[in-house]
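In this document, chain identifiers A, B, C, D, E and F correspond to the written order of the chains, with residue numbering beginning at 1 in each.
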Amino acid sequence: DFIHALEEVKPAFGVHEEDLQECTKGGVLKYSSAIDDILNRGTRAIKQARESDRFNFSSILMHGPPGSGKTALAAAIGLASEFPFIRLISPDAMVGMSEAAKVQFIDNTFRDAYKSPLNVLVVDDIEGLIDYVPIGPRFASTVLRALMVRLKKSPPEGHRLIVISTTSSYTVLRQLDMLGCFNDEIGVPNLGSLDEFARVLEATRFSDAAGRKQVLQSLASVVSEVNVPIKKTLFNIDTARFGENPVQDLVELMVESTTPLRR
Amino acid sequence: DFIHALEEVKPAFGVHEEDLQECTKGGVLKYSSAIDDILNRGTRAIKQARESDRFNFSSILMHGPPGSGKTALAAAIGLASEFPFIRLISPDAMVGMSEAAKVQFIDNTFRDAYKSPLNVLVVDDIEGLIDYVPIGPRFASTVLRALMVRLKKSPPEGHRLIVISTTSSYTVLRQLDMLGCFNDEIGVPNLGSLDEFARVLEATRFSDAAGRKQVLQSLASVVSEVNVPIKKTLFNIDTARFGENPVQDLVELMVESTTPLRR
Amino acid sequence: DFIHALEEVKPAFGVHEEDLQECTKGGVLKYSSAIDDILNRGTRAIKQARESDRFNFSSILMHGPPGSGKTALAAAIGLASEFPFIRLISPDAMVGMSEAAKVQFIDNTFRDAYKSPLNVLVVDDIEGLIDYVPIGPRFASTVLRALMVRLKKSPPEGHRLIVISTTSSYTVLRQLDMLGCFNDEIGVPNLGSLDEFARVLEATRFSDAAGRKQVLQSLASVVSEVNVPIKKTLFNIDTARFGENPVQDLVELMVESTTPLRR
Amino acid sequence: DFIHALEEVKPAFGVHEEDLQECTKGGVLKYSSAIDDILNRGTRAIKQARESDRFNFSSILMHGPPGSGKTALAAAIGLASEFPFIRLISPDAMVGMSEAAKVQFIDNTFRDAYKSPLNVLVVDDIEGLIDYVPIGPRFASTVLRALMVRLKKSPPEGHRLIVISTTSSYTVLRQLDMLGCFNDEIGVPNLGSLDEFARVLEATRFSDAAGRKQVLQSLASVVSEVNVPIKKTLFNIDTARFGENPVQDLVELMVESTTPLRR
Amino acid sequence: DFIHALEEVKPAFGVHEEDLQECTKGGVLKYSSAIDDILNRGTRAIKQARESDRFNFSSILMHGPPGSGKTALAAAIGLASEFPFIRLISPDAMVGMSEAAKVQFIDNTFRDAYKSPLNVLVVDDIEGLIDYVPIGPRFASTVLRALMVRLKKSPPEGHRLIVISTTSSYTVLRQLDMLGCFNDEIGVPNLGSLDEFARVLEATRFSDAAGRKQVLQSLASVVSEVNVPIKKTLFNIDTARFGENPVQDLVELMVESTTPLRR
Amino acid sequence: DFIHALEEVKPAFGVHEEDLQECTKGGVLKYSSAIDDILNRGTRAIKQARESDRFNFSSILMHGPPGSGKTALAAAIGLASEFPFIRLISPDAMVGMSEAAKVQFIDNTFRDAYKSPLNVLVVDDIEGLIDYVPIGPRFASTVLRALMVRLKKSPPEGHRLIVISTTSSYTVLRQLDMLGCFNDEIGVPNLGSLDEFARVLEATRFSDAAGRKQVLQSLASVVSEVNVPIKKTLFNIDTARFGENPVQDLVELMVESTTPLRR
């Protein structure tokens, strides 16, 4: 089992496991076939990265709505590679840095990622990395440039690198002419059908079987399907536990999340 | 009684009580059921923050028109948690700081908020914190980024944090792609019905019973409902006391506030 | 008499009288009932500022066309308060300062205005203070932020402060989301009817009774009412005195001012 | 005669005569009654500046198309005042200065202009002073602010100052909200009728009487009136002298100038 | 054979062969007549550069969609010239440099390119060099200016230089008024017909003859022609080798690449 | 003969001949009467500059499409003046300078141009000098201001200066309000009729008489006239010499240049 592997791998050198494992803390629930497809596509990419005769470099883009699970999936695929060098670039680490410092930081991390024979780099939340803000719009253009150069550059011979990037704004990346930097693109969807939601309810052991059934029935009487990111879904389930009437509260929270008020 | 608790709590350590109590100086009048709902939702969030097995972090957004009482309510909920660490981030403290200094300040306050087992942080007036101005529009994008990163980041294990933010511009936050930073949203409305106004009149002991009745009758003959923030309502009531004819002055002030001239 | 008081008051401490008296040098002619209303509203605000149990802070906005007399009226109301601390913040004093220096200057003046028990601050020409220019539009956003924070902040207990601000661009303030900073708004109009003009003519002793009558008759044959700020009106009257035919010159100048060529 | 006075005056102190006389080097030809009116209006303003009981400060704006003679007329009126302090602020002197240095320069010059009892300041080419460029548009906003403050500020008691400003872009000044800085406005037109052109031809002694007549007749057969600034007119007349056929060349040049190709 | 020559040439001095050969690592497959035409036009330009009596300088622009092979072709033409000085300017080398440093770098490289009698310079990815980003749009205007000056300037007498530039954004270059900098333009197309794809399949020895036939048949049943850059085509072929069903995977990948989802 | 003079003149002092002669290296072919008119107008301007009683300064603008020959013509006219001081300001010399340094450079060159009794300054490529880029649009506004001031300022008495400027963007100069800086404007057109092209073919001795005839006939069968700048025309003629079939290649190149693909 692909994901199961996660727990057994302890790469010897260069891995900042804590960071990436932090990202998958909530686990990867296989709540739909779309999740299986994503993990298979990830497996193929890792295999190519390890064995291809022609390319010692590839660059994958995971894109989907906020909270849909991109970071968790990218981290899971990266960790499952068992490559000796695995690392994460994320906006967290760079808050308050000047643009120049960010460029330096990115460049150094990429250079490090050329050092072992097999390397994985997770470049998380590209809009965050380039400080993209839709109003304006604004972004750090030197950071963007540094990323674009690095995302197209093979490591020196004898070294192999796969970069897995994530974004919540596919459109923005297209507008920035960044799509040419990726060799493949993988879409990550929101939770859709009530069946998928049922599987999450079960996996998180919400209430008891009767309670879960009631939730699904009540929900089905209001909406035909949900459109809620897995992250929000898991939080709603948790919040409801602390309400006075968990079953009713969860239904309300899921309905609110599916049809948010537009103010 | 939830709010009553406020007066008894004297947290032992790390609380900047003065700041937050300053924010609720005018009290929290329960002038409508909407206010009760808001306080209940706050109670549930605090309970989850204290007891959840799955999440040691949550982030709530209170939004509503200027003067509707967001800051007072956020402060009241925060203070009522009785958490040992309670603190406020507001534009006040940062006037005249460079962007870099602001980022530092925010970051330090968040780091402090990881230190005790149970922590509350009130992040007041997000537009103010990021120096948002509608003309342009302009804002401090590095401050925005720092906030966005912090509003999504869990504290280290063994620590729990709930962040309560406020904004008068829900739309702006959506345009800034900030809504994904919050786990829940609570709307705070203006004073609407004349009944609600009646309850405020009584609570503030304006004039005598006859005078209040006269105010309400005169008002009802001009407008069917008011649409005035609680803050402005309380100021109008006070201003009227110093006019030559308080009852008439108050009616005029409330009408002016309900239907402001558009110049 | 409200205005009469002006001449007798000599506050003991902290007043920069020269500055404010400079602003009312041309006097406050009671040429219409609108002027009386404005002065009454000012009186009530001063009274509330001195005596209110609930609020130790208020903030008033005077707005109207350029030259309509906002600064003179704000200064007159401020001086008439007889508060021990009376001071003026105006663009004059800040020409050539950096944005940071301006923020410092404003902040210091406000802090000073917390020192005596009763304080008045005239914040003159807000657009000027924030270097607002309609083309762009441009403005100093850190200065704007500093003002917005200060215009909403009560002084420490035991101190009372009333701030009287002026602006020629009510619309701009609304677009800047600044209106929420003021507890009350007072509009100042241009000179409108010929009667009002007649009162100004008399008060300034232009020509003799016959001359004034001739001016008014000639004017009435061309325009049914004027729309000229008091400041321009007083200058026109003075200019005409130096023409070869004062009566005719004044009529021409008032007509030009009422219907300016649009180029 | 107003202009005649120019040659006789030799103010004792503080005048930078060279600068201003340089501006009127080409003389002021009285080629139309509009020019007479402008000079009369100038005379009245100077008289008011010298003698008014109410105002010790005034500020005049001369506006008109490029090359229409604004600078020459402003300089002529200023020099004719015979005031002891006469000075010029123009973009020339400030090329390459930083914005801050420009603000300093302007401020110092105004302060100097408060030193003698009677002072004239010519503020030439306001768009140039504020580095206005229509594309953008751009301009130096701190310089603009410095000018706006100074153009509204009276000198200390005992001193009198008249400022005469020029601009080719009345519209821009209106868009910049600068018009409120001036007490009076004087328009300067282009050369219009062929009669006016005839007077200039004569005054400049172009060709002989027959040649001039031929120019006017040829021109009249092509255009019914010209629309050429006096500056360009004088240059065309000079250029034609060096062509192989001066009369024909001048007609061509005046037609080109009247109906410029729009590319 | 033009391209064959590549492998034999070892220029004596000043060539940074590694850089340029890196660019053609994947080879130049002659998969269509368009490729032949491009190479012929390149040959003529090199000949003119070497032998012209009138011009000792020329500047060629290669333009086409991302991944279409511009850089590989420019490098191949450059290397085939056998000129003693051959060098590459690309965004890679300049990541993180300040604008000023970039200008210096470009200028120095051009100066170096005047040193030997025959010089080739490949200026790769002009948008990248000037940090062009479509959102805004933004770009480094001093770098742009430096390039524009250098792309129009002949070397000193006795020296000959040909510059081969590449861009993915012909439109942007036109909007930047850069097209006037080039003496000739060469378009590089995407892979179009299935025949062209067949030739690439063969050259890369994908699967066996039967497998290739199957790929082409399956593809033909879905799309009548492809529109995929050679770079992406080669990557797809490689990826498919690592799937569980290479033939089917390749068809899917080519279809996805031809009709990308528009999100 | 005007142009012939070029070769004989060797001014004694202050001329940077190399620079200007570099600009006319390709010669000035008299391929149409428009070229004669331009040279005549240049002659008249030089004569006026040398001899006028009224003006010791003039400023001419040469404008036309890219490559139409503006720089070569400006340099030819300047060199033909035989003035003792002749110099060139062009973007070349200023690449990589800061804006401030550019202003300094321009100012110094103008000051130098006041030193001898007769001075010519060629100010080449104004858009380049001010770093104008259509996207934005952007430009160096302090450099623009410096130029505008200098282009209107006469040298001190006893000195004469003529400035000849060039631009490819007449429209931009109008939008920048720069046209008021020039006393005269001269348009430079592209090659238009096939006759003009024939004259260039002959002058450059392309192929033999039969070959030239064939070129013209083939061309005439495709297009009725060309619209190609002289610079591009001369380059095309040279390129064709190195093709396998020069006559056919030249026809193709001229057609491509006349009707460029719009991508």
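Operating definition for what follows: a contact is a pair of C-beta atoms (placed from the backbone, for glycine too) under 8 Å apart; a residue touches a chain by one contact, two chains touch by 3 or more.
All values derive from a computational prediction rather than experimental measurement.
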Q. Relative to chain C, which chain has the most distant C-alpha mean position?
A. E
Q: Let me have the rounded angstrom distance from the C-alpha centre of chain B over to the C-alpha centre of chain C, please.
A: 34
**Q.** Centre distance in Å when chain A and chain C are each reduced to the mean of their C-alpha atoms
**A.** 58
Q: Could you tell me which residues belong to chain A and also touch two or more other chains?
A: none
(Q) If contacts are counted as defined earlier, which sequence of chains do you get going round the ring from chain B via chain C? (A) B, C, D, F, E, A
Q) Tell me, which parts of chain B touch chain C in their complex? A) 26, 66-67, 91-92, 95-96, 127-128, 131, 133-135, 138, 168-169, 232, 234-235, 238-239, 241-243, 261, 263
Q: Please give the residue numbers of chain D that touch chain C in the complex, ascending.
A: 44-45, 47-48, 51-52, 54-55, 58, 63, 100, 103-104, 107, 137, 139, 141-142, 144-146, 148-150, 153, 170-172, 175-177, 180, 183-184, 187
